[in-house]
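We call the chains A, B, C and D, going by the order they appear; numbering starts again at 1 in every chain.
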Amino acid sequence: MIIVPGSGSRSLAFKIAKAAGFDIVDVEVRSFPDGEIYVKLKERVKGEEVALIQSMAREPNKLLVEFLLTVDALRSSGARRVIGVIPYFPYLRQDAIFEEGEALSAKVVSKVIGGSGIDEVITVDPHLHRIKDLSGYLGVKFEKLTAASLLANYFKGKVDPREVLVIAPDEEAEQWAKPFAEELGTDYEVLIKSRKTPSEVELKAEELSVKGEEIIIVDDMISTGTTMAEAVKALKLKGARRIFATCTHPLLIGDALYRIYRAGADEVVGTDTVPSPVSLISVAPLIADFLKNL
Amino acid sequence: MIIVPGSGSRSLAFKIAKAAGFDIVDVEVRSFPDGEIYVKLKERVKGEEVALIQSMAREPNKLLVEFLLTVDALRSSGARRVIGVIPYFPYLRQDAIFEEGEALSAKVVSKVIGGSGIDEVITVDPHLHRIKDLSGYLGVKFEKLTAASLLANYFKGKVDPREVLVIAPDEEAEQWAKPFAEELGTDYEVLIKSRKTPSEVELKAEELSVKGEEIIIVDDMISTGTTMAEAVKALKLKGARRIFATCTHPLLIGDALYRIYRAGADEVVGTDTVPSPVSLISVAPLIADFLKNL
Amino acid sequence: MIIVPGSGSRSLAFKIAKAAGFDIVDVEVRSFPDGEIYVKLKERVKGEEVALIQSMAREPNKLLVEFLLTVDALRSSGARRVIGVIPYFPYLRQDAIFEEGEALSAKVVSKVIGGSGIDEVITVDPHLHRIKDLSGYLGVKFEKLTAASLLANYFKGKVDPREVLVIAPDEEAEQWAKPFAEELGTDYEVLIKSRKTPSEVELKAEELSVKGEEIIIVDDMISTGTTMAEAVKALKLKGARRIFATCTHPLLIGDALYRIYRAGADEVVGTDTVPSPVSLISVAPLIADFLKNL
Amino acid sequence: MIIVPGSGSRSLAFKIAKAAGFDIVDVEVRSFPDGEIYVKLKERVKGEEVALIQSMAREPNKLLVEFLLTVDALRSSGARRVIGVIPYFPYLRQDAIFEEGEALSAKVVSKVIGGSGIDEVITVDPHLHRIKDLSGYLGVKFEKLTAASLLANYFKGKVDPREVLVIAPDEEAEQWAKPFAEELGTDYEVLIKSRKTPSEVELKAEELSVKGEEIIIVDDMISTGTTMAEAVKALKLKGARRIFATCTHPLLIGDALYRIYRAGADEVVGTDTVPSPVSLISVAPLIADFLKNL
């Protein structure tokens, strides 16, 4: 298998290739002054099985178009099989039409990706809530990996697993907190979220008794950090001793990281599906293992 | 018919609706802090015939994704027929694989647009050079309009058509200069272009006798302005009296406009397929007429 | 005198030089990938009197730093006198401390400009409201020109001045509407503005009788277009026949232009202090005249 | 002392406050749609001694203007003493006029910072080459700290200091490699750099015998990564066993990190003067200690 690093995941792709012992074929990506992208493979891939690694965070539209162009270049160049590895899969929050007239973004973007010429899509902890599987939208095989065990392993060296309580900051996050807690061998609780305004949420930890406890708050992603900061604040108020915040995808828009620290978090940590200052845990071994066993 | 103005062509869409007497249905387009776009139609379009107006210049990737999302919203909302009007169609310069390993961008972007759920694509003066028609890539009906006559009309009030020479700055531009000259009722010539470096071109006007003449240089688009500025310079050196530069699509990246003036142009003018300080000529009547006659 | 075109006003600077018969010395401005700017004069200016033309709209911080660097290059290169022509002067809305803890941006930016090594600052229709003069902040001579007469001249060919009513969309705009109406030889009225939310304003035209009348709404700048669109709407509701919207500085952020058209405006027009699709009126003659008479 | 976190160094400022036991006063920073910035202190600072923490990397012009506005807000609000902590000080590469007509950016930016109303400037490993001290330009007290010992400490746990060779990738980097090697208790060598084209450099390691050795390449900053990648490549070719790349300021523009890994580096690590995926070493203790001893 050959690894092709998209510009949204260059360093991660390098680590995957290294972990799996795969060769890399680089791809030149240039932006013209008019905003258009140019893509060219730097080496031959004829007859090869290729994994294109491309997270689509922060500049999702540009990275999506780059992905489509790269798949086309791989296909035209005769790649035998093209696997799209999209560690952070974008546009999944709009997975339903909440109000009449809205676009169903998760479907639209999935369809475009699925129709690009790839044989299969692999992602890590996709934000699937109302729908459980993207293969219907994608039209190709879909595989989701989870970083729960990598995240849990990180904390095993930091805390005494039996003395820590795992918290899902809201109901949507329960699907991430539960397996994380199981991996760690401890319990989890779910906070009640109420949205005060579109940009303000309040999280209630009323029933919880966390006085003096160690807490790990787990979510799939930290975007603006509002939810996570509110959770930290609520738990701090209830007397938590130390609070760790963790997620798979640290998008960390604007001041997100600062807000979470300022709310009282002792550490924030995530993976490198989205490169960030807190991306201390690499999903490279997870993806490398999966690709080796294909 | 109903006009839906995409954010790449809001004012043009307004003028089309006004010229044709069509109603407008607005579309809310929001950018989330993580770069994702949200699209929502503000009124019902059930059972309607809709023309979505969306040029894709300057931020082509964002505007492309917005287009896809808007078509989805129109389809989900029950629009009977959706016509994609893309006054400036992007990514057409890469209409062939010049070097092994390149993506065929024109095909990739056309396929995505054609597969979005639209019934037909209309564009103005697309940069088609090696391929003559996009319908093969699009997979839906494709119609190209030309602004040649609108541009020529503008100049009829400025110059004496019989005393003006039309110039195509290079061979690719002949397809725009020829009909323009015919509309104006005058002759045209083609300059010889030689590319010195990737960003420098030289245009030769050696054989041309333009001393004391009025010149209109015609191209389909002005992007960085390099080609146009070189043409102006070459013709100025040969003694042209007044030089006008015109095009359908004034992308005018960076200092393009200034460079053309500085090279010696007396006026630069284009249409509003791409909104710019020189977009004095509106293609609204052209598109309105076409839509009324569908 | 020599004209140096800053990258915020390249085309305008060209027109000023042409109108005044001054030579141009170009300045190379490059952006490094780390966001820093590099500035270099392309010709000698030793012993010369120089006017650096630089509006600071849309990317005010970058254009401000470019201005400071260019003035330094001019001074180091031995320019005898440096006049800073800033057709659009930024950061003037924060001309007072409205709440404790705020920065007084108008003062800070003026001080930096005034301390850059220039001898004098010239601007067009600065947004001065609470303070009447910037020379206190600048510490150098300050001259303000007005585009009122250029704007009025434009409309003299469009409407019958005696049958048109000039409107200031709010009290702040009276200082622009009044001289404009005088130039046109007609009357003006002021709308009452009430801010419903930070981004929504309501304009009242209750007492006004504008049924069947021609209206020109005048402001110094159109930024997001909220104020102008509300004024158009209010006057349309009262039965105005035709509504023109005009301003010196058409910043036209986002959908501003569309919103004003959609509210019912028949035409929107401004000057080229800020290059835009409605910048049909050039302030070049105004600035050229002033510089010639220095 | 009170810490005020600028938006270029929010998380670092938090860590400094925590390490030193200082209180934080937050500052609201908003960007208007026209690109202007609004700054407001959220709490009172009257009579206080304040350290404003603001690196100016990646968006140096915006962060510079924010800095000026924040200092103004602090002064207007009655802060007794304002210390400007600028962990990454921008625009220092242009510290001389290399060609006639250039701006002396280092001087211009320093003058603006020094004239903002601060009492003192503190920075970390500034890129001072031809000039040794910024106080002449700043006009206020200037203090430079170095991260050499923090970086060296990081590597003490990774390698056997006596078996490692420190490399300066070019002559300019010797000033960073030398104290780093001393801290580590080992030797250093300097590579010879020759610039092939403006964006390509070649580094020669001809005389060096590094076969089977452990190498740490040290520079003050990694910007596009060209220099560092070339150094890694040259040393790899000479048979180095493991190569570490380290710097104080990991700007890491575009694909810089990937290029260094791809060239053969085993690890890349820097400090949080510039937040990045390799900012594993915090300069917070360094700055906290200095501020406590003021």
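By our rule, a residue touches a chain if its C-beta (ideal position, glycine included) is under 8 Å from a C-beta of that chain, and two chains touch if they have at least 3 such contacts.
Predicted model only: the values in this text are computed from it and were never measured.
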item: Contact distance in steps, from subunit B to subunit C; value: 1
item: Whole-Å gap between the CA centroids of subunit A and subunit D; value: 30
item: Subunit A and subunit B: spacing of chain centres that average the CA atoms, whole Å; value: 39
item: Cα-centroid distance, subunit B relative to subunit D, in whole angstrom; value: 45
item: Subunit D, residues touching no fewer than two other chains; value: none
item: Those chain pairs that satisfy the touch definition; value: A-B, A-D, B-C, C-D
item: Parts of subunit A lying in touch with subunit D, wherever the complex brings them together; value: 5, 7, 10-11, 14, 24, 26, 255, 257-258, 261-262, 272, 275-277, 279-280
item: Touch list for subunit C against partner subunit D, complex; value: 33-44, 57-62, 64-65, 68-70, 72-73, 76-77, 90-91, 93-94, 97, 99-105, 107-109, 111-112, 115-116, 223-224, 251, 253-254
